[in-house]
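The structure under discussion appears below in the form of structure tokens.
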Amino acid sequence: MPTTRKKLPRLAAIALPLIALLVAGCASQIPALYPPQDVTSQAATTRSLYDIVFLIGAIVFFFVEGLIVFAVLRYRRKPTDTELPPQIHGNNRIEVIWTVIPTAIVLFLFIISWQALNSVDAVTADPAVRVAAVAKRFSWNFLYLGSNGRPLFTTDAAGDGNFGELVVPVGVPIQVELYSPDVIHAFYVPKFLFKRDVVPGRTNEFDFTVDAQDVNQTFRGQCAELCGVGHAGMTFDVKAVSMADYQTWLQQQISQALASPPAAPSGSPAGGGGTPGGPSPSAGGAAGTSVQITAQNIAFTTTNVTAPAGQPFQIQFANNDPGTPHNVEIKNPDGSVAFKGAIVTGPTTTTYDVPALPAGTYPFQCTVHPTMTGTLTVK
Amino acid sequence: MTSGTAIVVSHDDPHALEHGNRGISNPILGMILFICSEVMFFAGLFAAYFNVRANAPVWPPSVAEVGPIAEKFNLHAEPWFAATLTVVLVISSFTCQFGVWAIRRDDRKGLVRAIGVTLVLGIAFLIGQAYDYSQLGFGLGDGTFGTTFYTLTGFHGAHVLAGTIMLSVVLYRAMSGQFSARHHDAVEATSIYWHFVDVVWVALFSLLYVLPTH
Amino acid sequence: MATTALTPAATAYRSGLYDWVTTTDHKKIGILYVINSFLFFLIGGLFALGVRSQLVVPDNKLISPELYNQLFTMHASIMIFLFIIPMLAGFGNYIVPLMIGAPDMAFPRINALSFWMLPLAGIIMLSGFLTPGGAAAEGWTSYSPLAQRAYSGMGTDLWIVAVALIGTSSILGSVNFLVTIFKMRAPGMTMFRMPIMVWTVLVTSVLVLMATPVLTSGLIMLFIDRNYGGHFFDPATGGNAILWQNIFWFYSHPAVYIMILPAMGMISEILPVFSRKPLFGYKAFVFATAGIGALGFSVWAHHMFTTGAVYLPFFSFMTFLIAVPTGVKMFNWIATLYRGQLTFSTPLLFALGFLSMFLIGGIDGAFSAAVPVDFALHDTYWVVAHLHYVLFGGSVFGVMAGTYYWFPKMSGRKLNETLGKIQFVLMFIGFNMTFFPMHLLGLDGMPRRIAVYASTAGWSQLNLVATIGSIIIATSMLPFLWNVFITLRNGEPAGDDPWEGNTLEWATTSPPPPYNFDHLPPIRSERPVFDVRHGRVADHGSQA
Amino acid sequence: MRLKHPRNAIGVGLVFVAIGVIYYLLSRDAGGTTTLVLLGVAMSIAAYALVVGTPDDR
């Protein structure tokens, strides 16, 4: 048999720049064929899965690409090749082998990725910090939730899209709930090796725990689902601090929020948007009654309202959040919907005609933002 | 031109001359395959219906969710008109098939009669559906119920309309004597399409008027 | 001109424009498909250059975000709906009746209708640029609610109409292919003697037939939502934003196989011819093709892992499984090369490019099937790299291989080999320069579809490399176009069978006469022309 | 050919119906199940028609 030709084939010559590129990628600061160093415990799981997938992928790549290059180098047609090569139509044994081995590999990959998924996707019942992230075109707003699930304060109190940072303590589980009032966005922090879509009409949640060694770092986050012209600018930062620093920051934020309440206190007529056609100062008791509810900064300013039992009444609903849809959805004690007001985009006011309700206590919420809750007492 | 035509003839169906089993003729096979794609078209619409239905806490949506219009959604209360339409369409499927059987016997008069009756029943269905729409009292924009109801029944109605047009063509050709026991692919294909439209309606009727609400 | 039919060497295509517009000849329609698709390939390519020139440096202000979103949306829509899918349908149109020894497609006039819907749809889609809001700008996936009236203009309506029209064209085409393949095979051409190209077109047609109408229904729902106050995808009134994604991907994942299977079929014709060996494991290949098609229907939600609204393990499992039939094909191709006698003509070079690049795209797929890894990679440039390694490294290289392989049959003249090899080298280098760095960018966290990125993000060098690569790809089209031009003017006459082919299209003249064959060789295997050339009579069409 | 028996053609669709049932049991997704099951129906019809409608291979 003739020996392999020494001439460098074209394919190999073309592959060289590629390899050079890879080497350059590893050598300098520009990104490499590997995800960034993980900074959360979930990301560590994902990264060790990536290690295995990458290893298997690399072995398959070099093996199969090697076979191709070998065949190309070895089996060129030579001038002496006048006779046909052996006409091999197949070989059942080898075909079974190259069906079974890949099957085993992908089953293995499926099982380990399922295991990793179960730990990456797990949400704890008692996270140390709960944050509602509201993504709207084209900014983020983070609402820190109290133990009762109601917002303590928002990082975008001014409502101008200038939201500051998502500040989180290291070493403890943090739970993020995702809300969108408009289109689909995605919460993506590359160093978390994680993203989750922010889908209007749907509450997604996930947990992450920042590694203690990554304290006092800031991680870049960005919207990853096309949401319109401002998509590229929809960035945010996650800042990891120690628990002590976090508590200090938290208390500071809460006292700030208390010092400048976002709207008029409970019970009084709504400010801001106002109620044209004459406000009704009373919040219950009188005949032909109407109830005031105001939404501002993704929260109800009025969380406890009263209405008469057994007779229809009206809700004067003021939505003071520009460009943000809200409504009032009253739930029966069993969780079913007793009344669902039309969703209106602020700033605006609207009147809901609520059918007669039997006496009792009814939770209400905003359909778009389930973190906005309150209680309606019917008596 | 003549020589070209000669090639057409010899190539057109070389198998027919040599073999007895020709299977299903090309136009009918094509129609069946097209109907398979139509099944998937309605599969998309039905999937959307089941999806919004499964997501709704109450179906049809309650007064609490969409306001007083919800009271109009109770199609189960008055299914009789739609049931009559269903009967009309099912009968038309039978008359259509009688037409096919007639032309297979080379009964051209029978074909014209049966297709004529089918066409009248099809048009009656369309008029009935238009009348039903005018009486329902809710529109396409009235919540997911209105949207899915009108999209499903509307696209079915569009298919009935297409079917009546095909039936009209078949009727015209039948009256001109273009069909025979050997040569009536268009009748067979139209009939299959008409049966499909009928089956879709029966599924729709069951879905909208019979399937229990929640 | 019909009288020329009996003299096969006559120049059947030197006929007037009117003849091309009114033709129902599958070969002319096939060529129209191919030309039309190449035109849209050039338009889509220009849009891609626009995208790359915006990303060449950080914080670039060359193209506004509004226009940028339109450019990448139209790039993808045109490349998918008006280039790859019709291009493969065009090759199928030309080649399939020839390969099975049929005189034409089953429904020649419907065939012409299918084609002429495409340029119309293309004009409708592109006319979006003339509307006040510009063309569709939601990405080719057109996710709702972004694609709703509140966030997008009339360009989206035009996009919906155009895609629905293309879908209808595809459905009619697939019915035509299926009836042709099942009913019009020449005597002796049994199912398991059909060339693999015919099998892949068959499976593709089934995918088109079953999946495309689902997209049509989704497009109609979107249109109703936008224009008639519907609530299908509107979460505020009981609709479901995720519903659109389910419907869209129920079509669009099978569509990925619609875009690659016929290219695999082309490769499976070219590799045996240029290694002078039969395709290794013909039946395994057929079953692998059918298996990919079947599995393709139950993996749609692997594009939706991060929505939080799908059952992840089911789709992860099914997606991993697709690697098995794909791997079988890859090994079959390599085993076909093994112990062969390879002639490195341009079609084989592009076919080898397909093998080596599609391999990368396929391995990338395993990363995405592993759900937690997909959480990191989804919607980043890594996905852009993956899909281009499949659709460019796979489909486009396959299409180029097929173009060089069948051009002699279509035109009667052989494309210049030197220019062909120059094109291959340029395209191969440019392709890898453009798309390989995108893996790295995606891993580093660069989301797709962003119009600008910060200079501090560390993505500048790789984006520069990618843009240079895209210019090299564009350059590689120049030798090709020049090659076609000079070859059509005075290229080397090809003869009936320039490559020593295996399948029936090489048994007739180049170009073939109307109705294709004066007589057919006996068909006793999947390589009837090979059998005649080498005096083989025994049935070796099936293994084992 | 044994493979081309019309009964087997129906089986082509049953594969998708089976996938649909498994999918429903795992995910409880009504919409996806609908498309998968109807895909099975359409596949069965198409496969049956193609097998019955094709002249026997020669």
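Each chain carries a letter (A, B, C and D) given by its place in the written order, and its residues are counted from 1.
The criterion applied here is as follows: contacts are C-beta pairs under 8 Å (C-beta built on N, C-alpha and C of every residue); 3 or more make two chains touch, one makes a residue touch a chain.
A quick note: this is a predicted structure, and the numbers were derived from the prediction, not measured.
Colleague: Looking only at C-beta pairs that count as contacts, which pair of chains has more of them, B-D or A-C?
Modeller: Greater number of contacting C-beta pairs: A-C.
Colleague: Can you identify the chain nearest the overall CA centroid, using each chain's own CA centroid?
Modeller: The chain sitting closest to the overall C-alpha centre is C.
Colleague: So what's the Cα centroid distance for subunit B and subunit D, whole Å?
Modeller: Each chain reduced to its C-alpha mean, subunit B and subunit D end up 22 Å apart.
Colleague: From the C-alpha centre of subunit A to that of subunit C, how far is it in Å?
Modeller: Their C-alpha centroids are separated by 34 Å.
Colleague: Between subunit A and subunit B, what is the separation of their C-alpha centroids in Å?
Modeller: Those two chain centres are 45 Å apart.
Colleague: Could you state the distance in Å from the CA-based centre of subunit C to that of subunit D?
Modeller: 26
Colleague: Could you pull out the residues of subunit D that touch at least 2 other chains?
Modeller: Within subunit D, residues 29, 31-32, 35, 39, 42-43, 46, 50, 53-55, 58 contact more than one other chain.
Colleague: Mind pulling the residue numbers of subunit A that touch at least two other chains?
Modeller: none
Colleague: Out of subunit B, which residues touch more than one other chain, so two or more?
Modeller: In subunit B, the residues touching two or more other chains are 15, 23, 29, 33, 36-37, 40, 42-44, 47-48, 51, 65-66.
Colleague: Going by the contact rule set out above, which residues of subunit B touch subunit D in the complex?
Modeller: So the residues of subunit B touching subunit D come out as 15, 19, 21-24, 28-29, 32-33, 35-37, 39-40, 42-44, 46-48, 50-51, 53-54.
Colleague: Which bits of subunit B are touching subunit A when the two form their complex?
Modeller: 57-58, 62-67
Colleague: Spell out the residues on subunit A that touch subunit B in their complex, using ranges where they run on.
Modeller: Checking each residue of subunit A against subunit B gives 330, 336-340, 342, 355.
Colleague: What part of subunit C is in contact with subunit D in the complex they form?
Modeller: The touching residues are 178, 182-183, 185, 187-188, 190-191, 206, 209-210, 214, 243, 246-247, 250, 294, 297-298, 300-301, 310-311, 313-314.
Colleague: Where on subunit C is subunit A touching in the complex?
Modeller: Of all residues in subunit C, those touching subunit A are 64-66, 69, 137-139, 143, 145-146, 150-151, 235-237, 239-242, 275-278, 280-284, 306-309, 312-313, 316-317, 320-321, 323-324, 327-328, 330-332, 334-335, 337-344, 349, 352, 355-356, 359-360, 363, 366-367, 369-373, 375-376, 378-380, 421, 425, 428-429, 432-433, 436-437, 439-441, 443-445, 447-453, 457-459, 461-462, 465, 534, 540, 542-544.
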